[in-house]
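Pasting the structures here.
The two complexes that follow have chain A in common; it is paired with chain B in the first and with chain C in the second.
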Partner chain A sequence: MPSQDTIRFIPERCDGCGDCMTACAKAKGGASRISIVGSGGGGWDIALCRQCGDPKCVANCPAGALDKHYGSGIVGWSQDLCVDCHLCTIGCAYGGIVFESAAGHVQKCDLCDGTPACVPACGKGALEHLSAAARLHETHADKEDLFVPGLSACQGCNSELLIRHTMRRIGRNSVVAAPPGCIPGMGTVGYNGQTGAKMPIFHPLLTNTAAMLAGVKRQYERRGKDITVVALAGDGGAVDVGFQSLSGAAERGERILFICVDNEGYMNTGMQASGSTPFGSWTSTTPVGTVERGKSTDGKYLPQLMMGHGCAYVATASTAFLDDYHTKLEKALAASRTGFAYLHVHAPCPTGWRFPAAMTTEVCRRQVESNFVTLWEFTAEDGLRFTHAVDRPRPLSDYVGMIGKYKHLGNAEIERIQASVNRRVAFLKGFCRQPSAAE
Partner chain B sequence: MNQHVNSSRMIVCDGNEAAARAVVLARPDVVSVFPITPQSSLVESLAQFVADGALGAELINAEGEHSVLSALQGACLAGARTYTATSGPGLAFMFEPYVRTPGLRLPMVVSLVTRDMLSPQCVWGGQQDAMTVRECGWIQIYCEDVQEVLDTVVMAFKLAEHKDVLLPVNVCHDGNYLSYGVSRVELPAAELVDQFLGQPEVNWHIALDPERPMSVDPLTGGTGPGGAASFVGYRKSQVRGMAAALEVFSDIHAEWGERFGRHWAPLVEEYRLEDADIAIITIGSMTGAGKDAVDAARDCGQKVGLIKVKTYRPFPREAMIAALGKVKAAGIVDRSVSFAWDCGPLHQDVMTALFASPLRLPLVGFIGGLAGADITATHFERVIAETTRAAGGNVPSSPVWLNEHD
Partner chain C sequence: MTDTHAHYLIVGSSHAGREALAAIRMADPKGRLVMLSREGRMPYSPTILPYVASGRSQPDRVGLADAEWFTENAAELVLNAQVVAVDPAARAVRLADGRRWTYDKLLLATGAEPVVPPVKGLDRVRYHVLRTLDDALSIRERSTQARRAVVLGAGLVGMHAAETMAAAGLDVTMVEMRPHVLAEYFDPKASALIRQTFERHSVRMMMGRRLLWAMETVPGSCRLGLDDGTELEADLLLVAAGVRPAMAMLADSGITIDKGILVDDRMRTAAPGIWAAGDVAQARGFLTGVPVVNGTLPEAVEQGRIAGMDMASDPDLIPYGGGIPLNTYGFFGRHAMAVGTAAVPEGDGIETVTDEGNGQNGYCRIVLKDNRLIGLAAIDRVMDAGILWRLILRRTDLSPVRQQFLSHPLETARALMSRGWR
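And then the complex of A and B:
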């Protein structure tokens, strides 16, 4: 089943016949999980589970009976664990989970294992089964791929995926900076008179990406031209030597979108450690020997630092959750019209981290499922919001065990990483806006 | 600021304000600043001119000199005329984007308010900072007085943007002596400067512009197809641009003289050299005291002249040889040291120029004015005396340190 599916309702096609409800009730037994309700003004609306990215029903459940499955995207309900408290129904704003007296417990849509019965039952075409892939295709397929075919990225690298999606969205009316690292290393800026992108693109220094882009943007603003300026930087060019110019540009509120593609080290030059490299990692400058056992300190967590810079938008993302990335890219681009926008994309590196190339997306997914990576967005107005909250993370060893750079770690070292993951999640939760008394 | 657009007027200001006023006249699009002694009052003036509307530029208060120059690179690639100023440690911090600017052929103007280099810890004038970066591919111009600072900063934009040159220019004025030295100067009329400079064309060759999409500075050289030849081509054209600067700058000075009535020597100035037996060679603000010393010596019947170096990079080899051909010995006063061997950098350049000609004459090296030390008329009397002895065959083997016992 494709990940992150949902059912789209097109209200202007609905005549309120209720065929979808009949089909659902028949397919699932008992009452229908989809309800057609009057929307006022003679129109129709639906009450149906949205399979939310940040499901409030899951957050409200005290019994662990509801869970968001990150592979399928479905919010699942377990009758065995449910204690019939109904707190989930209070959390949901969509009428997506409701108590059915005939059944004697709550019910919700489970998308019928990928072939929802309601959709073909609707003769008016008011319901569409939409996967995340379909949604992305609908939104972006007609946009031009501005990245050349045939790049020299390592097998399994997810940066090419990220760059193609990003360039398609930002389009030709843009200026892109790719400081030294894997991204120009794979040919993005080109070699000897040839280019890798169908748009203005350049090599800044590793140190000055944000400052150079600020100069570009200021001149176009002076000339009254609305040009999107975007950095595609690695963690070295953002966390380490690039940090000063990044910090200065963010503080000044330069109208830039800065995307940090974090592969936790200098992977392009031979897998040396950066400030972003996590504790315990083997790298070529934090090797494992008889005295030292990989990196001895925790990595610097740049997205947290960017929250302190008065940015218009700060968010983290993972290529295992492209839908989430696109939503954040959209918000970041809008924010970069008025201020500094920062996106931190976690980018596991099969070559430098030592895992099979085919496992990149699974590694990305387990980073999120274990809370090693948290997906969130932050604005000064709304505080921090988790876009894929993982309240019951899988054991960190499920993630760490996949990665060659951690293979020397013992239980004590993994527990240390677990403790720092727990601290980070707790710290980030402190930035969430508390619901006011009126809510 | 009161805008006198049609006529020049006299004002009283120091060298930092003069440079800032020259920038106002040049109408840059983007100015980026970070303060450092003894440059600070220059960028404060620029910020005030922007605040008052006298300078209609984007002002970027960057968090350090590295970002200052980087922001200007981006702006220039987007088509902006750009300016900043720095000094000493600021120039050192700027070094990474600094060395890149000439290779990108970005025609920006950056004032160096020159200062001695750390350590010993020091905030006073000297020329060690600018001399340290003399081989980076920037054009370097040194000024003698406040009026020359003002006129030269304006002229520097025309030199930088000239299509045969297309290189960044440092206009150097000595920290403390020229930065804070107040003098009466003539401020040219804005309209006449507009006619002189014309509209900036700074990114016709290389641009970050969606209307002209291109890859700016892809990897070049190495073992890729055509890589070596491509890299050599870029470097050679850079050297050609540097060489062309001598003639272009001379033409610009001639035009400036016609339009504004001040005729500065563009490369080297020969002062009372025609019948001189010996010459003293100066650079920067020390020249004024040097000229006074020459006048005093002339009054006593000594046949002494002076050669002032204005354009230092590219080094005006032929003009220097022509001047040296008129004398029997020369004393070179450096305001910095070369660590290559026991002499100053200007001394080395004069020796190199001499060796490329059939001319041979004794040269005496002097090092003075380090860390804000004054080079007075008394010091120049010693320069003249030592150089006169050298003309008689008595050449010291190492430099004379003028302020060693001050």
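And then the complex of A and C:
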């Protein structure tokens, strides 16, 4: 089933003003198809068609008047075919299709042909029109999936998602290196003589990934072959143990793409702390007890260090914003033809950080919405550019509160993390190109 | 393996069968899936038929599933295939024309068929029933010549048909032996509001009357005698006096039947490898625990889905919670709905709260037991029937919001439900 557009509701921002309803009623003429609901305790929610994947309103229609369009994702309604039995309303648990007496028939949201009127009408930022998944599907769905099924990543791990997307894009004309870590651990380089990817993939040492790839690339170049050469390394293999060869390859401008998948620790060997582990985190080597309160120092921020290496391209990414990731992957692949490209992708770990497996994408999203993770790209010519600037960041506690490894933290410690987040954002802003006097 | 062996064999091509087919394909993309239909036409819903009879819906545009849909679902539809016998031991069914199909798993989704009451002379006059597209087309044809129509039975079938005939300009009389229309869904007050609307649209409503005899006058037309002595003339007689599950093919099968085919909460019959769903099935009633034949479209969908999931061993199956009466009903531009036991009288721990909207603004009757919703009927009120259905099935405790619920059922129900939206 293709990915589809959707309207996202952010309840914390809604104040129940009803501007979305006014806008909908105006755009559609008649009653609003989005309806603000007081959800008790002063909170708000919306009754709105979810454009379900397997819609029950459609199943309940005897007239063929409702139809799920698998291209646009919209559950469409035909006035022509409808016989006003209203049985569709029995199917819906979201108040998404409702009989309106003024109109004399049922009504539902049709996403206004891709530009929903309610979204810009919300001055509080409580509605967002998410269309990236549908666009990505259009561009990438037909490409070959080069990652085999049945890999043994932990439930909820976003690395598999990331690797599938990446491999689809880079294609078979590539060589991939996956140094020790969760990525080979889940079967990427294979088990028992069978590989987990349908392209050449190998397992270098933790310490020499960038150096080996540099050699591979040079050899191909010598033979006149243009091969995409990519590292899929963990934070251990990039930030700590692998840093020396990474730094050297970047400084020499080796024409490779190095992707660091950062889960903030050595997760596959038992959740030990790495240089990337943030302050306050519980890990098996930074325990929480009467003396220790998790990690006592801030994590090392490798993407910032990579800016100082004269790379052709440096960027950060999050799997909650895959469109942003794909844009950066595109640029990084192009940059890896002329110099060193570095992508730093954040990978919250349900097993090691202790949050429910179903929440990974929400965790990723909150990392970005709280500015704990910033999404940006950097080139020497254009400086740093935020690709998903967050104007109204969530309080850090919205993010930290979801994660078990921070469970023991008190307000003072959360404030300390908040302060370092604020410092980092301010610091990164310093790398943005200043508009010249003429602009 | 022969070409008349199916891993999944579905008998009946309407709501329950279609939903089961879709559910099977979600869990098992491969196993051979064959649907048998007695009809010579592509699948359609009986519910659409009054609109075909009136001409509002075009018979070629009422399909529930087209050839493309079957291709997409890698399923085969066999038309003109009426099952007349089931042999559970041999895992085989026999068709009217002698063909035989074998199966690993069989779903009986044969729905219901009209009941014709034993009325003197009825078998010697021309009358109509309404369950198939052919029935609807023959009513449509007759309507063009007829002037006076009589509809026997004020259930959903009769009411829909009477409305569409009145809209088509016929002089319509309804005869119903119970005192109220749609008595299984609406309490007497709500029924009266619906009846009055029909009367305002010049439909004669003869309630509490029984048909005693019928006699042909001129070919095609008849005279009807009621128990109070009234005589009616009809050029078009529609018998809509109820339906019964279509399970004649089970006569010698040994499968347990009562009013319908008895099924458990996974829609399994007593025979291994055989499921039943929809109007033909008799499944657990939610409020009573006693098995009932529900006979509504949403329940057919619900049961079809469960049967399909179970046939394909879908691990996400949630067993049937039990059926409740459910209906939405549009009539003469108005809107009525009933969810749960909305018609029961007060007393015996049952509380009812009725809001008659000053006779202007619609009607709403809420039925509670132990501060839990067990039924709600409304006319011309915006209500989310689907949300109310789930509040009943979840036995949601309304005590904390009782007053709000009684005064603002729409908003309060949405608020309660919204807790599960994210």
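Points to keep in mind about this one:
To be clear about the criterion, the second predicted complex is superposed on the first by the 310 of 439 C-alpha atoms of A that agree within 3 Å, B and C clash if a C-alpha of one lies under 4 Å from a C-alpha of the other, contacts with A are read in each partner's own complex, and residues count from 1 in each chain.
To be clear about the criterion, a contact is a pair of C-beta atoms (placed from the backbone, for glycine too) under 8 Å apart; a residue touches a chain by one contact, two chains touch by 3 or more.
In this text, all values refer to a predicted model and were calculated from it rather than measured experimentally.
More chain A residues lie in contact with B than with the other chain of the pair chain B and chain C.
Contact with neither chain B nor chain C is seen for A:292 once the two complexes are overlaid on the shared chain. Of the two partner chains, chain B is the only one touched by A:174; chain C is not.
Legend: residue contacts after superposition of the two complexes on their common chain; A:215 is shown touching chain B, with no touch to chain C.
Of the two partner chains placed around the shared chain by superposition, chain C is the only one that A:101 touches, whereas chain B remains out of contact.
Of the two partner chains placed by the overlay, only chain B lies in contact with A:227; chain C stays clear of it.
In the superposition on chain A, A:83 contacts chain C only, with no contact to chain B. In the superposition on chain A, A:199 makes contact with chain B only, not with chain C.
No residue of chain A is contacted both by chain B in one complex and by chain C in the other.
Contact residues of chain C toward chain A in the complex are 15, 18-19, 22, 26, 45-48, 51, 56-57, 61-64, 297-298, 301, 305, 326-330, 333-335, 337, 339, 380, 382-387, 389-390, 401, 411, 414-422.
Of all residues in chain A, those touching chain C in their complex are 11, 35, 37-40, 45, 47, 54, 56, 59-60, 62-64, 81, 83-87, 89-95, 98-101, 104. Touching chain B in their complex are the following residues of chain A: 172-175, 184, 189-205, 207-208, 210-223, 227, 244-245, 247-249, 251-252. Across the complex, chain B meets chain A through its residues 29-30, 32, 58, 60-64, 66-68, 70-80, 82, 96-97, 100, 207-210, 212-221, 224-227, 230.
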